[in-house]
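What follows are several structures.
Consider the two complexes below, in which chain A is the common component and chain B and chain C are the respective partners.
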Partner chain A sequence: MQPLLEVRDLRVLFRTKRGPLRAVDGVTFDLAPAETMGVVGETGCGKSSLGKAILGILPPGTRLEGSILLDGRDLAALSREELRQVRGKDVALIFQDPTTRLDPLMTIRDHFLETILSHEKIARQVALERAKKALASMGIPESRLDNYPHEFSGGMRQRIMIAMALVMNPRLLIADEPTTSLDVIVEAQILNILEDLKRVYKMSLLLITHNLGIVAEVCDRVAVMYAGEFVELGPMREVFKHPIHPYTRGLLASIIHLESKELNSIDGLPPDLVSPPPACRFHPRCAYVQDVCRTKDPEWVEYTPGHFAACHFGRDFL
Partner chain B sequence: MARGRSLLAYAATRGLLAIPMLLILLTAVFFILRVLPGDPVLALWGGREPPPEIVEAARHELGLDKPPWLQYLDYMSRVFRGDLGRSIGEFYRGKPVWGEISSRLPATVELSVGSMLVASSVGIVTGVVSGARRDTRLDVVLRLYGTVIWVIPIFWLGVLFQIVFAIWLGWLPPHGRWQGTDFPHPVTGMYTIDSLLERNPAHFWTALRHLVLPCLTLGLVLSGFFTKTVRANMLRTITADYAEAAHARGVPGRKIVTRHAFRNALVPVVTVLGLQFAILFAGAVITEKTFSIDGIGLLLLESVVSKDMTMIQGIVVVYATIIVGVSLVIDILGAVVDPRIRL
Partner chain C sequence: MKLPALQRLLMREPPVVHAVDGVSFTLPPGQIFGLVGESGCGKTTVGRTVLRLVEPTSGAVRFEGKDITHLKESEIRPLRRSMQIIFQDPHASLNPAMTIGQSIADPLIVHGLASEEEAKARALEVMMEAGLSPAEQLYTKYPADLSGGQKQRAAIARAVILRPKFIVADEPVAMLDMSIRARILELMLELKDKYDLTYLFITHDLATAKFICDRIAIMYLGRIVEVGDAKAIFNDPKHPYTQALLAAIPSPDPDARRLKTLPKGEVPDAVSPPAGCRFHPRCPVATPTCGWEPQDVFDLLDQRALNEDLARRDEAVLGPRSQMWGDGPTLRIRIGGIGIPLRQRRSLSALVLLATGVYALLHPLVGLGVLVSGVSALVITEALARWHSTRNSRRRGDAVRAREHLAEVLRTAPEPLAKAVRRVEIEGDWVVAEFAPTADPGLRKVEGREVRCVLY
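What follows is the complex of A and B.
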């Protein structure tokens, strides 16, 4: 099937006083229609920047290289106005902290009208009807349209954010840590909603998270990101059962089970992305490090169909 | 509908709170004036030593021989009946204080409102532009403007404007509120409003021309504060999470600045607007002196010189009442803008 999204050798370089910071450094992947892909990694590995790069909402002065094809159209090459029309309409984004993402001075009604009327020149009444439907699908009664953001709980605000993302019927939804700031019950509700999106709306979902549990629950495929690069990518079950990259193994080992006797963690800290380690970026923290890891970039190898990893010793871990 | 009711409830609570605020202010005015050095009776004699019986008689006449708490009760009960007493200074001796104040109040109100319009419009525009164009050359120039204009003395800027616009260029009158004897029919005492009421454009033009330089002087000096506050708030709101989220929803950049960043940046500015009015009144005293505007600022200066205690007291009471009223209005305005304040 023709993929909906084709990301090719994507690089995001932030301008900092110490030189360019490579938040995303050569990421390549496809996303099929109605597919859910998870992107997991530690804080600061560049996963949020990846999401923002696709949407084109990186801070001014940031350099973007590579291509982002949405239905064959390169988002990275669009003009500002063309890209604005894509944002919120073809690609929508929901954020980590819903409590700060709604304008405190505007009612929910005005938020919806603003979103819809930014993309379509239709009568306010028509737009409002659509807003009501989207809200209702998230279980929020239309009587609350005139409420302000502070009058909702965190979970409700996230459902409002999702409703607002869905109101234009986008083909791709990027969810950046959508449940991290919510409690477990609400988290379960939001995850159910995200699963429904796939079934009901046939929407592709890029789920950015550090929570492997969520990936296991929702995703078809998963990409593991480390220091701006993908180190492993494959079908969710495959990656969880047969992880190849030592970093993926470390992540999976750090999950706490009821039977866990001790806490496993990966020693060391994520590298500085202004001057990342040479060759394999994971080598300073890798338990299996060899000389070749310090001198030669590992290749992106497809070990089993659809299961890629970047490790010199991938075969040995199979 | 819940929206309207909570706003009304907030306004009512806020209004009730203004009453103790006013009581405390009136009390403070009374006691501060009485612990200040200088005897008003002696001041009447211009430094000469008056005969003791005359001093006694004057004290009795002014009620100064009564115990302080009785004086206080007298004063409070009279203030609430709208009686601010009679002047004891050499210029307005025996005249009712409120009469003198009320005849000059319109001039001060006109100057203050005009200056506040100049200050807020200039300050908000420069602040928004400066914040939205961060670190550009324009931003640097506007930041410099904000600092420099804020530290310029009012009388200096006033005199500069008089020299340039009134004397060199001859565009505007250098001082006063009116030219000639053909005054507009007095209704409010404010010449701009009165001339509008009688639908006389020539009169309105005269009144407006006299207001331009004083309002520009006081307004520009005060605008520096707005420039800096609005800029600082814009920097915060333009990168706020909700602004980024609006960006992600495909809202055009211009609307993010005007609708999200600007409105949110104004909330803290509205909160300090009340304090700005207090500073404005202090500045108005100097402006009225510089431009020979016969307002209560000028009256206050005269009264201080002649140690006219009842007049000073009356003026301060009027100032305090206006400030309490203005901050009440501004707080309600803040609640209209920001729904979270109504809680």
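What follows is the complex of A and C.
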């Protein structure tokens, strides 16, 4: 199938006093229509920057290299004005904290009208009808259109954010930690909704999260990101059942879940992305490190169909 | 009767939130007691009240047999040495202007227990124990130079430097990356063994609680709903809320993937918690005895509002939501607008005529004009009153319709609500629905633990 999104050798370089910070450093992947892919990693691994790069909302002065093809059109080459047209219409996003993304001085009605009318020249009444439908699909009655964001609970605000993301019927939804600020039951409710979106709207979803449990619940594929690079990418089940990269194995082992028998963690700290370690970036924290890891970049190898990893000793972990 | 707007104008004091409402537990030395619940359940307030960082409205806190609830600040201060706290956000709990070493050594100096040199030596020692190495080097660093995990280690080191007996740990790993949570928990367990610590471990994460706690209490809206041995509760949760919490945790096992049945909605407002069992509006197995609350009706109307037809009918007959109030076991809906009743309107007209008449008699020069205006005022108010009375009778018709409609809607409600309806009647301009009063089930002993649920 023709992929909806093709990201090729994407690099995001932030300007800092100490030199360029490589938040995303050569990331390549495809996303098929109606597919859900998770991107996981620790704080500061570059996963949020990856999402922002695709949406074109990186801070000014950030250098973007590589290409982001959405249906063959390179988003990385678009002007700010052209990107504005794509954003919200073809690509929508859901943020971690809906409170800070809704304008406290605007009613829900105004939020919807602004979103719709900035993309389409249609009558307010038509736009409003669409807003009502999107809200209803999230279980929020239209009688609440004139409420302000603070009059809703956290879970409702997140459902409103999702409704706003859906109202333009985008083909790609990017969700950056969409449930992190929510309680566990509300989180599960939102995950059920995301699952439904995939089925009903045939939408592609890029789910950025640090929570591997969420990935296991909703994703078809998963990419593991470390220090700006993908270290493993594959079908969710494959990666969870047969992880190859030592970092992936460490992450999986460190999850504290109800069936955990022992506590595990990954020693050391994620590296400074201004001057990352040479060769394999994970080598300072890796329990299996060899000399070659310190001198030679590991290759991106496809071990089983669709299951890639970047480790010199990937075969040994199969 | 409660009129929120009027209340806001007249009331001197804001409404009371029972953040914690009748919580009791004991914590034997050397145990880790977990307080588990969603945000807003009161778990943090309990933790702070135990340390007297928040003053309880009523009730008592005893530490080593001594009632500390009413101790003066000067009396409690020496006790603080044995009672410490670790906060969720290590970045916010460490002074950014102090080096890590100074922060950790500070309690010794504040309590006058050591000179600066001694304090530094002791701080370096504790830093080593907390896994902050090289300690000498980190001593002079500022919080901003450290990672989240290191900062939390520093906060832990600061808490144990006074050799406390008891530590409240309020979500100590929630802000940390998964990859290092285990290390911090291990550190806490190590220090517990080393210093014979007792922990009150506050968390929203049941998986963490399962790992670290000996006993746990599950809290919901200010109350403990299940408390007992951690193993027993995890193996066989009894309260429907505990069961829901456990089911909602995302599992990293792809084979466990499934669409879940979850409790409806979200945690209600603690200002007016549901009557009866506080979980009943969301409970999948609630029965009529579990409880009722006005919000149930509003939720029901919201649910109906998703269907355009029903929404239009409800709005037309029952009026806007702003004219509905819940008050204990009673729901009131005001029908029609605000108007002066007919009788008062008539006496008002008479008063106007009388006043203008007297005025006309006393001032003969302008009297005629005033008299004319007085008469016309009477005529106008009379006409208004007549129009009002026809509208009133129409409103009585509205009220009858509203009563029937509300009764009908309530019949379609889920069982606990539908069966709790006692009467739906018209009282003046109001349609009033009354529901059976409900009682909190109270904690009951069930298989080695206590559960607050009528099922047991």
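Note that in this section the second predicted complex is superposed on the first by the 314 of 318 C-alpha atoms of A that agree within 3 Å, B and C clash if a C-alpha of one lies under 4 Å from a C-alpha of the other, contacts with A are read in each partner's own complex, and residues count from 1 in each chain.
The criterion applied here is as follows: a contact is a pair of C-beta atoms (placed from the backbone, for glycine too) under 8 Å apart; a residue touches a chain by one contact, two chains touch by 3 or more.
Just so you know, these numbers come straight off a predicted model, no measurement behind them.
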item: Partner chain(s) touched by A:Lys121 [first = chain B, second = chain C, both, neither]; value: neither
item: Partner chain(s) touched by A:Arg199 [first = chain B, second = chain C, both, neither]; value: neither
item: More chain A residues in contact [chain B versus chain C]; value: C
item: Touched partner set for A:Arg18, first chain B, second chain C, both or neither; value: neither
item: First, second, both or neither for A:Asp103, with chain B first and chain C second; value: first
item: A:Gln85 touches, of chain B and chain C: first, second, both or neither?; value: first
item: Chain B partner contacts - residues on chain A that touch it in the complex; value: 55, 57, 80, 84-89, 92-93, 95, 97, 100-106, 114-115, 118-119, 146, 148, 150, 161, 164-165, 168
item: Complex contact set, residues of chain A against chain C; value: 42-43, 136, 139, 141-144, 153-156, 183-189, 191-192, 195, 210-217, 236-237, 240-241, 250-252, 254-260, 263-267, 269
item: Parts of chain B lying in touch with chain A, wherever the complex brings them together; value: 2-3, 240-242, 244-253, 255, 259-260, 263-264, 267, 337-340
item: Sites on chain C touched by chain A in the complex; value: 38-39, 147-149, 177-183, 185-186, 204-208, 210-211, 234, 244-254, 256-257, 259-260, 262-263, 266-267, 302, 305-306, 311, 315, 321
